[in-house]
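In the two assemblies presented below, chain A is common to both, partnered first by chain B and then by chain C.
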Partner chain A sequence: MAQQLPILLNSLFRASTLFLLGTGLSIIYGMLNFMNLAHAAFLALGAYVSASLIQGASNAIGGTLGTAAMFVVFLVILFVIVPGVISVVGLGMEQTIFKPLYGLEDDYQLLATFGVILMMEDSMKFIWGGLPVTSSAPSNMLGGFNLVGNTYPYWPIFAVVVTMVIATTLYYFFEETRLGKITLAMAEDEEVVSVTGIDTRSVHIKVYVIGVALAALGGALYLPNASITTGLSLEFVILAFAVLVIGGLGSLKGAIVASLLIGFMQSFGSYYVPQLSLAIVFLLMAAVMLIKPTGLFGDIKA
Partner chain B sequence: MSQNTATGVATALKRNLTTAPGIASIVLILGAFALPYLPSTGQFEVFLTAQILAFAIAAIAYNVLLGYTGLLSFGHAAFFGGSAYAVGLVMRYTSINEIFLLIPIGILAAGAIAAVIGYISVRHTEVYYALLMLALGFLLYIVTLKFYTYTGGTDGVPISTPTVAGINYLELWGYAGYLGGVLYYIILLSFVLSAVLLWVFMNSPFGLTLRTIRDSPERARAIGIPVHRYRWYATIISGVFTGVGGAMYAFLNGHITPDTMLHWSRSGELAFMTVLGGTGSFFGPVVGAGAFILIRSQAQQITEYWHFMMGFVLFLVIVFEPQGITGIAKRVRDAVTTKLNNRGEN
Partner chain C sequence: MAGCSNPASDDSLGGGSDGGGEIPSEPLRMACIGFTSGPAAVFGTPMMQAARMIVDQINENGGILGERNIEMDEVDENVSDVVQVYRRLATQEDYDIIIGFISSANALSVAPVAEELSQPTIIWDTGTTELFDSAVTDPKYTFRTSASSSTDAVGAARLLDNALPDVQTVAGVNQDYAYGRNNWNLFERALQSLGTDVEIVDSRFTPFPNEDFSSTISALNDVNPDFIFSSLWGGDLVNFMTQANDRGLFDDTLPCFSGGTHVFHDAPNEVPDGLIFGPRGPHFPYGTMEWNSLHQNFVQNFESRYGDTPYAHGAWHAWTALYGYVYSVERAYNISGEYPDDDAWVKSMEGIGFDTPSGFANIPKGSHNAVESAFWGYSDTSGENLSLRDTVWIAKEEVNPPVNLTTGEWIDNF
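Presenting the complex of A and B:
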């Protein structure tokens, strides 16, 4: 049993990355009816930008601050600056290239955003080069603890806790706040909502920005434990859609359950059946779609 | 083919062959047959044309789903690459080296994969169909990647030059002679044969049924068409002919890897070719495949960031001209006709 503990923690860490990515995609599709294949590129962008900023901050003020103060600087970068910067990029893209796609059929949205992800992938390759980028400074500063004879870093646990706080906040947002309720209403019928005098376009933009920021944050939290390479977004695209499809479109609960399922399957899978860990995820996705086409918790849209 | 379809096909054939595009196609095909022997043609041009033809087969097949049945697939890499891998693995593990045995093997593999993946996917439409095809197609990519002891993993599988009807043309003629003398014609004939067969399918009652389903699945169901089953058939036919393209590409390229053959972005490329050329016409995807390969070969010489350019073009096409190049051509033709007619009236 003790052997399984690190895998269990890895599963939760994996699940939190997928949750942040999948939820963003899910609310953007479920609430705004926009099928964005390029959403996973915001995760990759978040990872790249945070790696650069952490590297830059370490070089610029690394020696002048104490460990604790430096860690705070890193946290500000990861939780405020990165989601902020990526949101601005995402908003710029929304205004220019996504806006003309809203009226199109889902199929054509998928195709056009496939074009967008190709452009984003190459742009990232242009900026950060083809070599893998890593920046594990925040994780290293946090250190680790002894777990069944090996050192296990604190960072994944920290990331999981942060994600749990975000999930709770999101739940509160949709259940309790005015904007959240309007969003849910828009998922049902945008036209009726707009008739009541609510500026649906501004709600649209807010929800979209939240989705992008979540994906960017997912990239920032994922970063210290991974090496970021081009092709990362293409890899995560399918996982993001797996979360979406397994959980059910636009369902927060579904996104949580699906991310956990996939996280566990991937982590335990790569321990017990290393060859097939990813394959199991897609088999699960196919099975869910065959048995319950709307996903485990999807009932908003058929 | 049954009797009652023959009349429909014959009329459609007569109607289409006498138009300007019909005549142009015939001229182009004749030109393609003469290509290796034209004075200015080198090995590169033959290779490029063969590549276009291989992708054109897959793109026409892709359009059976997208254009005729109204289904977007992100899983076609599984058929394209599945066929190529069947060819490659058979060559690796058996002594079979004969192209006329390997082609049917590739086609059968693609058909089998399409039958399985399609059976599961056709219960859903639109995004769900696209994503289910994507997920199931991606399974094949992962399996090929992970079982590297059998499949070569990321290194891929070399495709050695096959014998043609028992004769080793590579030994006789060298590579240039083999490419321009035998392989090119096999690919060209496969293209012509696939195009003719698919054209007949799409102009038969079967094709009409698919179009009915595309336009309104509910109405199709109401008049007694088993919608799921026909979508499944369409997926299999599309898969089989995509497999023809995949096998041709494998022979032409001489080497296949999971990333070039089975990754889902390859499916996206096929979708791109189809949309670029135009989903609304039968030969649109051929134009799209040609444009794609030509743009890519030019772009690759200018920049390593050619994916950016392809993505940009795809985006522009969908936003500004969803009917693709043939849509633009049709608009230009209509504008010219209207202008001529107006002048006649004045």
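Presenting the complex of A and C:
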């Protein structure tokens, strides 16, 4: 059993990234009824911007600060600056590209936002080039510990803890705050909410920005563990939709459970049956759809 | 034989047009195909840069035989139907020579079409041994000017057999497509045939591309091999290395990356000291490789033109393909006195040998496949540039099949 511990942690880390990506997509769809394929590009963009900022900060002030102070600088970059910057980019795109798509049928939204993801991919390639970009400095600073005879890095565990805090906060947000309750109500029936005098457009924007910031944070937390290359958005968009389909549209609980399921299936799958590691997510999706076509928590909104 | 010189040599570039016959006045039309987008752009971009630079250099010296300019067009290999593109280039656009292909699948699909259309074609990078072992067993118009995967995989097996006697357990990590499977298969067969006293404890094939290697690394940590053979490249290699570093895989396991030196340039901070790297043939810009003026000139010219070093083997493969072609034309002309038609060019390519920045390259008589030495070294992080130390060369006869045998037949009968 002890041998399975690293795989268990790998699964949870994988699930964290998928949760941050899938939740944003899910709440945006649940509330705005907007199917945004380009959402995964915010994850890739978050990762690229993080890499540039971390490398820039390391070059500019790397020698002048101690390890602890530098780590704090990295955390500010990853948790504040990157989600902030990407939210602004996302907001700009919402105002110009996405807003006109809101009234359209799902298929048109899918087609248009697929075009957007391709353009975003090419823009990222234009800016950062086709070569892999890495910045493992934050992860290296944390180091690792001995787990069943091998080193295991602290970073994935740190990312899992951060994601758990975010998930709890989101749950609190939807259950306890006014904005959260309005959001839920809008997901049920937007017209009723709007006649009460609430500015639903402003709620839209706030929830959309939260979704984009979560995806960017997903990219920022994922980055120190891997390299960023072109095509990352396209790879993650499939997983984001798997979260949506398995968990159920617009369900926070569904996003958590689906992320965990996919994370576990992928990590244990590539450990035990690596030949099936690509197919395994689709098999899971097919199984869920056969049993419950609306997804595991599809009938519960956010 | 007057003027029968190697066009790659410093003193004869573009010269030696003393064969006497008429040289076509219109420019030579050359198409160069490689991935300039997508994951394989790590090889394709420097490859195309090198090709462009070499064509400009040849033209500045007057062109082929000092008289015929080359008109080169670049084509991105990252298209949905490469055979269709190739057919168009060969039939409608009438290129004199088509040089290209990084992907094994693309080279395997195109080579039979090249033969069908009698279109002179040079495969400049693709490693698969199936190219001439099974896809085109009796080639006429298709040549390959770079080392095949046999060089890397058999080279790694020989390195293990000859130089690493303490290794008892071996594992593999390769991408789950033709190139990765081909490399592992050759490596495993070579070890068996050599009778190397090691046990293969695991062979993992990972999706391509793949960003999460954590469970693969956990599985390797569980079996704890002494040695890992891997043909991973590009972002996959960077991801694998980053995540393996974090998980202590290399603490007591020595990995051998057969085509990975390009990460010295792409992700230098992720490369630890003391891992074994091969540059997919003997192509590397620094360290003990700087043995001849061609090497120095190539690196310096590339650096001064692009502000970057030709780290990826693609750049070196472009050099060999383009000068190999020019040399074969000049050689035919200088010997016969006639500018070669396609058939005369084929005869000139068969059995050709010439100096390159990476040593002497040759296509043995009876083969259409260039042979190169295998070259390995330990990653060295002590200098300004990441380099290779304690380098090992393995003679080309030791890592390439003789002309009358397929790679598999040769390996099974060491």
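Convention: the second predicted complex is superposed on the first by the 299 of 302 C-alpha atoms of A that agree within 3 Å, B and C clash if a C-alpha of one lies under 4 Å from a C-alpha of the other, contacts with A are read in each partner's own complex, and residues count from 1 in each chain.
Just so we're on the same page, contacts are C-beta pairs under 8 Å (C-beta built on N, C-alpha and C of every residue); 3 or more make two chains touch, one makes a residue touch a chain.
Because the structure is predicted, anything quoted here is derived from the model rather than measured.
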Give one word, clash or fit, describing how chain B and chain C relate on chain A after superposing.
clash
For A:Leu101, is the partner it touches chain B (first), chain C (second), both, or none of the two (neither)?
first
When the two structures are overlaid on chain A, which partner does A:Gln275 contact: first (chain B), second (chain C), both, or neither?
both
Per the contact definition in the header, classify A:Ser267: touching chain B only (first), chain C only (second), both, or neither.
second
Have a look at where A:Phe13 lands relative to chain B and chain C in the superposition and call it first, second, both or neither.
second
Once chain A of both complexes is superposed, is A:Lys125 in touch with chain B (first), chain C (second), both, or neither?
both
Does the superposition put A:Pro153 against chain B (first), chain C (second), both, or neither?
second
Have a look at where A:Val89 lands relative to chain B and chain C in the superposition and call it first, second, both or neither.
neither
Clash with chain C: which of chain B's stretches 23-31, 95-103 or 149-157?
149-157
Touching chain B in one complex and chain C in the other: list those residues of chain A.
125, 274-275, 278
Which residues of chain A touch chain B once you look at their complex with the stated criterion?
35, 97, 100-101, 104-108, 110-112, 114-119, 121-123, 125-126, 234, 238, 241-242, 245, 274-276, 278-279, 282-283, 285-286, 289-290, 293
Chain A-facing residues of chain C, complex:
36-39, 41-42, 45, 176, 204-207, 209, 211-212, 214-216, 218-219, 221-222, 234-235, 238-239, 242-243, 245-249, 251, 263, 266-267, 269-270
Spell out the residues on chain A that touch chain C in their complex, using ranges where they run on.
3, 6-7, 10, 13-14, 125, 130-132, 134, 136, 139, 144, 149-153, 155-156, 225-232, 235, 266-271, 274-275, 277-278
If we count contacts the way the header does, which residues on chain B are in touch with chain A in the complex?
72, 74, 120, 123-124, 126-128, 130-132, 134-136, 138-139, 142-143, 146-147, 263-265, 268, 271-272, 275, 305, 307-308, 310-315, 318-319, 322
